[in-house]
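Letters are used for the chains, namely A, B, C, D, E and F, taken in the order the chains are written, and counting of residues starts over at 1 for each.
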Amino acid sequence: TQKQRFQGIVHSLTDQCWDICMEKPSSRLDSKTSFCITNCVDRFIDTSNFVVNRLEKTQSTFSSELDN
Amino acid sequence: AQELLTKISEKCFKKCIAKPSSSLDSSEQKCIAMCMDRYMDSWNLVSKAYSSRIQ
Amino acid sequence: TQKQRFQGIVHSLTDQCWDICMEKPSSRLDSKTSFCITNCVDRFIDTSNFVVNRLEKTQSTFSSELDN
Amino acid sequence: AQELLTKISEKCFKKCIAKPSSSLDSSEQKCIAMCMDRYMDSWNLVSKAYSSRIQ
Amino acid sequence: TQKQRFQGIVHSLTDQCWDICMEKPSSRLDSKTSFCITNCVDRFIDTSNFVVNRLEKTQSTFSSELDN
Amino acid sequence: AQELLTKISEKCFKKCIAKPSSSLDSSEQKCIAMCMDRYMDSWNLVSKAYSSRIQ
């Protein structure tokens, strides 16, 4: 379902951004860590979009490579 | 929420228990409790950030 | 099945505890490594139980967070 | 090719973005473009090497 | 299918050999990295074959261990 | 036992082969053999420890 897909992506992003942004867990989520997590999500989506867009431009090359 | 529980256990075990000893001492328990709350905070923050990007 | 679930957990615990406890593989499993692996399994289960119990106490907060 | 896209995004995010900042700057974009091409080169090389071993 | 199984293994090998062989991505796949990737695939297959062959020789021990 | 074989290959490749060269030399083979036996020992030990906790 749509909701499961959404939660699957949130799990995967939380997993990755936690490793990048969280140092020692403390009694609250400090602003530096919050900022890092939000940026991490945004830059990860930027990266995915960049990859997909760039792939579309080179689609023919890519298809032939995958068909090897 | 099974997947979230599994993730929290794995991540907080790794963060809070460097060398497993013969019991879970109180400083490790305190660390796990904070780690768990921060992981849920992070999950909610990621959920919000991702929602606002796909809308 | 029950057996598959059991083996799945054993696979996951062996994977994690191997990375934590095993240094250079030698001609037998030495007592330090055995002790580390047994403690690793026990502390991992303690951690899971702690997380589940603590979550049950704060269930309502958690549910509302997941429903956002 | 969904799995390949997901892998490329994860690997190149890790290689090119050490600390996520408030935008994807041009040097990060350049790194992602090269990383993506090299990951596809690697995929093709692995595919050829593995093919020749199983024949 | 056969093709999906093949691609699954290629994904997994690319993932592992990328981490071992790729330093900073550059404008082309240099010969040192290519050589490393090809060797990585070959040695990984050697390792798997070695593990499977050695296991067959000790099959009875292994079966009894898994049946514990 | 397919999953165990895959895990052993991955873990022992990582432990025993730092930089893949043009053949599997005898010291690497010796390392893989020991690694494999220790991984199976560990699997059995984990299985016993986990069994005794859930009974």
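Methods note: a residue touches a chain if its C-beta (ideal position, glycine included) is under 8 Å from a C-beta of that chain, and two chains touch if they have at least 3 such contacts.
Small disclaimer: the values here were computed from a predicted structure and weren't measured.
**Student:** Which chains, if any, touch subunit C and subunit E both?
**Tutor:** F
**Student:** Specify the chain most distant from subunit F by Cα centroid.
**Tutor:** Between subunit F and the rest, the longest centre separation is with A.
**Student:** Rounded to a whole Å, what is the gap between the Cα centroids of subunit B and subunit C?
**Tutor:** Measuring from centre to centre gives 14 Å for this pair.
**Student:** Could you give the separation in Å between the centres of subunit B and subunit D, each centre being the mean of its C-alpha atoms?
**Tutor:** Each chain reduced to its C-alpha mean, subunit B and subunit D end up 29 Å apart.
**Student:** What whole-number Å value describes the gap between the mean CA coordinates of subunit C and subunit F?
**Tutor:** 19
**Student:** If I count partner chains per residue in subunit A, which residues reach a count of at least 2?
**Tutor:** As it turns out, subunit A has residues touching two or more other chains at 17, 21, 42.
**Student:** By residue number and range, which residues of subunit B touch two or more other chains?
**Tutor:** Where subunit B meets two or more other chains at a single residue, that happens at 4, 12, 16, 43, 47.
**Student:** Round the ring starting with subunit A, subunit D following: which chains, in what order?
**Tutor:** Order round the ring from subunit A, first step to subunit D: A, D, E, F, C, B.
**Student:** Which of the residues in subunit C come into contact with subunit F in the complex?
**Tutor:** Within the complex, subunit C contacts subunit F at residues 6-7, 9-11, 13-15, 17-18, 21-22, 24-27, 29, 33-34, 37-38, 41-42, 45.
**Student:** Residues of subunit F touching subunit C in their complex?
**Tutor:** 3-4, 7, 11-12, 15-16, 31, 34-35, 37-39, 41-43, 45-47, 49-50, 53
**Student:** Which subunit E residues qualify as touching subunit F in the complex?
**Tutor:** Touch list, subunit E to subunit F: 16-17, 20-21, 36, 39-40, 42-44, 46-48, 50-52, 54-55, 62, 65-66, 68.
**Student:** Which of the residues in subunit F end up touching subunit E in this complex?
**Tutor:** Touch list, subunit F to subunit E: 1, 4-5, 8-10, 12-13, 16-17, 19-24, 28-29, 32-33, 36, 40, 43-44, 47-48.
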